[in-house]
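All chains are identified by letter, namely A, B, C, D, E and F, in their written order; residue positions are counted from 1 within each chain.
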Amino acid sequence: MSEKLRILWINPVGTERDDHNIRNILNSIKRPDVEVDVTHLRRGPVHLEYHFYEHIVLDEVLRLIRKAEQNEYDAVVIGCFYDPGLREARELVKIPIVALAETCMHVAATLGHKFSVIVGRKKSIPKMEDNVYLYGLEKKLASFRSIDFTVIKMATERKELEEVIYQQSEKAIKKDGAEVIVLGCAVASGFAEALMSRLKVPVVDPVMVSFKYAELLADLYVKIGLSHSKVYGYEPPPKEEGWLADPPMG
Amino acid sequence: MSEKLRILWINPVGTERDDHNIRNILNSIKRPDVEVDVTHLRRGPVHLEYHFYEHIVLDEVLRLIRKAEQNEYDAVVIGCFYDPGLREARELVKIPIVALAETCMHVAATLGHKFSVIVGRKKSIPKMEDNVYLYGLEKKLASFRSIDFTVIKMATERKELEEVIYQQSEKAIKKDGAEVIVLGCAVASGFAEALMSRLKVPVVDPVMVSFKYAELLADLYVKIGLSHSKVYGYEPPPKEEGWLADPPMG
Amino acid sequence: MSEKLRILWINPVGTERDDHNIRNILNSIKRPDVEVDVTHLRRGPVHLEYHFYEHIVLDEVLRLIRKAEQNEYDAVVIGCFYDPGLREARELVKIPIVALAETCMHVAATLGHKFSVIVGRKKSIPKMEDNVYLYGLEKKLASFRSIDFTVIKMATERKELEEVIYQQSEKAIKKDGAEVIVLGCAVASGFAEALMSRLKVPVVDPVMVSFKYAELLADLYVKIGLSHSKVYGYEPPPKEEGWLADPPMG
Amino acid sequence: MSEKLRILWINPVGTERDDHNIRNILNSIKRPDVEVDVTHLRRGPVHLEYHFYEHIVLDEVLRLIRKAEQNEYDAVVIGCFYDPGLREARELVKIPIVALAETCMHVAATLGHKFSVIVGRKKSIPKMEDNVYLYGLEKKLASFRSIDFTVIKMATERKELEEVIYQQSEKAIKKDGAEVIVLGCAVASGFAEALMSRLKVPVVDPVMVSFKYAELLADLYVKIGLSHSKVYGYEPPPKEEGWLADPPMG
Amino acid sequence: MSEKLRILWINPVGTERDDHNIRNILNSIKRPDVEVDVTHLRRGPVHLEYHFYEHIVLDEVLRLIRKAEQNEYDAVVIGCFYDPGLREARELVKIPIVALAETCMHVAATLGHKFSVIVGRKKSIPKMEDNVYLYGLEKKLASFRSIDFTVIKMATERKELEEVIYQQSEKAIKKDGAEVIVLGCAVASGFAEALMSRLKVPVVDPVMVSFKYAELLADLYVKIGLSHSKVYGYEPPPKEEGWLADPPMG
Amino acid sequence: MSEKLRILWINPVGTERDDHNIRNILNSIKRPDVEVDVTHLRRGPVHLEYHFYEHIVLDEVLRLIRKAEQNEYDAVVIGCFYDPGLREARELVKIPIVALAETCMHVAATLGHKFSVIVGRKKSIPKMEDNVYLYGLEKKLASFRSIDFTVIKMATERKELEEVIYQQSEKAIKKDGAEVIVLGCAVASGFAEALMSRLKVPVVDPVMVSFKYAELLADLYVKIGLSHSKVYGYEPPPKEEGWLADPPMG
């Protein structure tokens, strides 16, 4: 136990754009006894606004996750608020797999009566609302509110981004009864403290909170072996069928 | 309108095993003015019991669906009760995409107070139950009941298969209050009439019912242009981003 | 199977007002191998905006349905979005009974994340919302929106009708997040194509969609005997009690 | 206010079979300042186990209710656990209309964490469970349990009836976690005290509890005018349309 | 049974402020055969807007309730719309314990499709909404609407109070679809009749309705022994553990 | 930030019985940079099986929590699976307050499709199930299962305790479809690893998991000021009303 916990953060996009920022955020909040690596994909879209994009990045994401387990990482975070591949990843490996929306919404549920999620575009709401149902949290959801920003715009117009998040958050609090704000995109990370001091309610930064949750699970995994269940839903495919070693897509 | 409606049925597995049987079933129940093609994948697992397998077949399934739209099919059925790739497919094309579980459970909901789904193994229940939530039908679900058969076993031990489905269905009716039985696997198709005469309740054959539903949607698509929505959730990725033409995995 | 499927459409009102229009719509979208008859009641209100009116037309509706079964129709549609008498009708006969709201809302649920229902007056919402609960679809409902038109006004001011439906539909899409629009009254039929080209989302025409669903069920009923369950909820009254032959009200 | 509150109890069946027993029960528990009349139908089935029977008795039930209002009754109880005609009756009159299931299940909800309903036959469960949904009480329902007795059998084999109710109630408490038992049929009235002393949990007698609730509403109606809402759902049909005076069924 | 039913109304605050008003209201609507006592606490906050205040008054409230049982009261009403101590009180005594929110919302549910609750401040909504969930009534709730009045302001600015309740109620009816209004604070009692004549919908006065419900339960308790369940959730602490006689707080 | 995080664990009972065991468990799993103090009450029941007992210990629990904030603890855990006083405590202080059931059930929800909670006696289920509703997690709950052990028996018959937990857990997995087991009492802590190796599913130890969650929140509280919301539900009572300094109970 004198060794450090090792966590891998995957930005599931084909660009290094976010790595530097996220690495800084993680280093600013990680435990002293934790080591984090941030990585991105060799090739793929620079955002995951479309479900087809989630699909096409999943090959490499799953390959990275399986390799992470072999390389003895103690947990992996899939750094997108759509939680792409969560079910498939947990089927394939034993180490804890942490997803942003699942984690942040459960934590938000413990911080107040109801939370609102601020999302980039209305396009995202149907799948994200489906995830709220699947995670069992619809009763804790005050609302989704869209800022009408693409991921690209979020990544480049940072000042405007903070302002529109503030405006929609205020509406969520005043009109929808939200007591907690969840920022629904990894690219929206970095404003939590500033927003909290303006809004006077807790703001769940998806990068910070999901990473701390990864630390929690990595720690319990190393110390007592706790991780996601492997019966029923996450039962892994048998090696002898061969598809783990040689999936059809190359 | 004098032309026939053309529907493509995809068996999303790397085997021709089921094609013959399903083609026969479809020909026995299709409308006279409908033409159906049954196809399978060039390469892939021979069953989709694992979520990872669903993932690895999706590339070819989506390619077949996009090609079907170019080739002027009027609807496509994805022939697996997990409904793999439904969200992604509807994002990519305009023609109606029909999925087995979604269709059969909605139809079952119109045939009685509650339905039970007979599944191969307990492994399937978590994702299928999640689908019940997403389709909004939990109130109409009496139960899932597992017959403890792999897909392979279902495909080969047909006589035993019919018997265990009968037994679990009877329990679903007597103990769980089911008024309707849904067979939760395309490979379990072919027994509906026999089971109905023994059980005295409607039995939803996933191949028959989903195909008739595909006829319904194909017809309305051709006649008045009705298909799934393309705003919000199914908004398609823009061509100019290039990933439609050249996805990273192949 | 060389014979045509025969479907009866009942306008459950004491007026021939809607028969011509609905007959035209049905003939424009029916399968070539289907024969449809449209009928109305000998005596009764000219609309069913009140639950008492639903009650007083039910005698004749049920008599027509029982006669339809004797006359070997393969399915009957009860042409009102309140779905009056659905439970009673299914108790009395074996042939498929199709109701507008049940059918259209289940189909709408397969076309997008959430649907909104455009209704004539707020008066209708409580019972229709109750039906959404009973059909198990509340999670798929974005909203009800009232156009504040009586049925009479709907039947006569057609141009204004289309316009107010358009306006409320647009609000449902923009404000309530609807991806699909359902027209909540048989008298509102006939605008689906025009509305779809303006709204850019699927519009479920209650006459067209319920009729295609009746074709689907009639077909499966004739081919494999599938219809609603007759155990538990729809168990029929025993003949020997005499009330089927001689009910007290006439 | 020195006058007595007047309540009408309708046994919605074509037999005087239950009148005597129910009159006795009501007299044993009514307030001293309340006057109760018990009546039955001139013609109709002797039980309402079928939805068609509910329909065919409704004409006379509604006529009795409208006449009760004219005759200045302060409330009416419709004495059947299916709550037939509740929506229609409240549309037609202003005086409080009390239904057995609605009342007993709401009261049961205030007496413990969850209640179970003991019903005659499984036939009843679908509609009664639908009513649980409509009344918004599914979270308080532990289970339905059937004693497999027809109404006729309940009315004649009283000793056996009490025993099977006891047995199913005990199972409901032990296995389903019920803290309260609701007797789901007016004909099962009269055993509450005996059952309570054996079961050691509250037993909601449908006749007693619904009648006391009718007293409550009658009292508030007379004193401050409180009754069911007349906006939206219960908005009454306009007299000038003529159907109130002359409904089509004779 | 010739004796009067005796009911205790507890204003769970350390002020006699409301006693006179509530006593008047109760005397104006109580049954002739009922006797009511109104009491308040010796020491405590003059309102319960904070959960901590609910906690600190509970000692004396529970002591009063236990003494009421010893003094042969037939029911007790805890006169606050937060329903403080309901679970604890029912654990300690056998006589019926009536709470305002539980009672008024169940009664409101029997008066229309949906009700709205008018509350003093948004502060109250989370706990009150939690109570709606616990009572199983979320489907019947149209909305909470806040008038932004403290309890103190409610108690002193009566004219303004009536006006803002009217305004928010009207919005609840027009915008939220409420068919019934529930006044969510004992201090807001006294306006029901005036509001009903302006709003044209039933208005549930929390003092009147909960007291009539207490009469109902007291009556059934005295006549047949019906009260809340004492198995599972309300199982009482054993005397021999000593804490009933000598709780740690003095 | 070089200082240690300081967490207070309160055993809300009037006995030191559990302190030693829990201190050992916490020391075995805590982060190296965390300091934990374990305390119990000066006077109070030795278990909290009754809601009245929860009430009577709350004075001292809340006093300890307020003092903990003054003494600059960074988080407090209330060590009972009923989560007593959570709402009141969060109203009074700003530092994170961690409760066992809330935390463990949210974490369990991220480890599998559904979890079962093993409780001491059926007495506990109603309130705990209410908490499942309030936390919004009913969809993730497979079942509660009782081992029929009092807390005293749990504390003394440790070998039998482990065995009955194992047996009920196995039933929860096999019969109820649980993928994760939650131990529903702090006194049941200490068996998680042994049970995991026998059951082959994740077992959530309430002491371990809630404490790791307290570390997570304490860390984020110190680093970025994240804690529960102070608007609406947890808005604190104003000092000037005086009750914080001088509550009525002594």
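Note that a residue touches a chain if its C-beta (ideal position, glycine included) is under 8 Å from a C-beta of that chain, and two chains touch if they have at least 3 such contacts.
Model, not experiment: these values are computed from the prediction.
Looking at A-B and C-E side by side, the one with more C-beta contacts is A-B. Rounded to a whole number, the gap between the C-alpha centres of chain A and chain D is 53 angstrom. Chain centres here are Cα averages; for chain D and chain F they lie 44 Å apart. Annotation for chain C: residues 112-113, 122, 125-126, 130, 133, 139, 177, 179, 232-233 touch two or more other chains.
Every pair of chains meeting the touch criterion is listed here: A-B, A-C, A-E, A-F, B-C, B-D, B-F, C-D, C-E, D-E, D-F, E-F. Residues of chain D that touch chain E in their complex: 28-29, 31-33, 102-103, 106-107, 109-113, 133, 135-140, 173, 177, 179-180, 192-193, 196, 200-205, 208-209, 212-213, 215-216, 219-220, 223-234. Contact residues on chain B toward chain A in their complex (touch as defined above): 14, 41, 43-45, 49-60, 62, 85, 87-88, 91-92, 122-123, 125-127, 130, 133-134, 232-233, 235-237, 241, 243-244, 247-250. Chain contact summary for the complex, chain F toward chain B: residues 112-114, 139, 177, 179. Looking at the complex, you find that chain C touches chain E at residues 122, 125-126, 129-130, 133.
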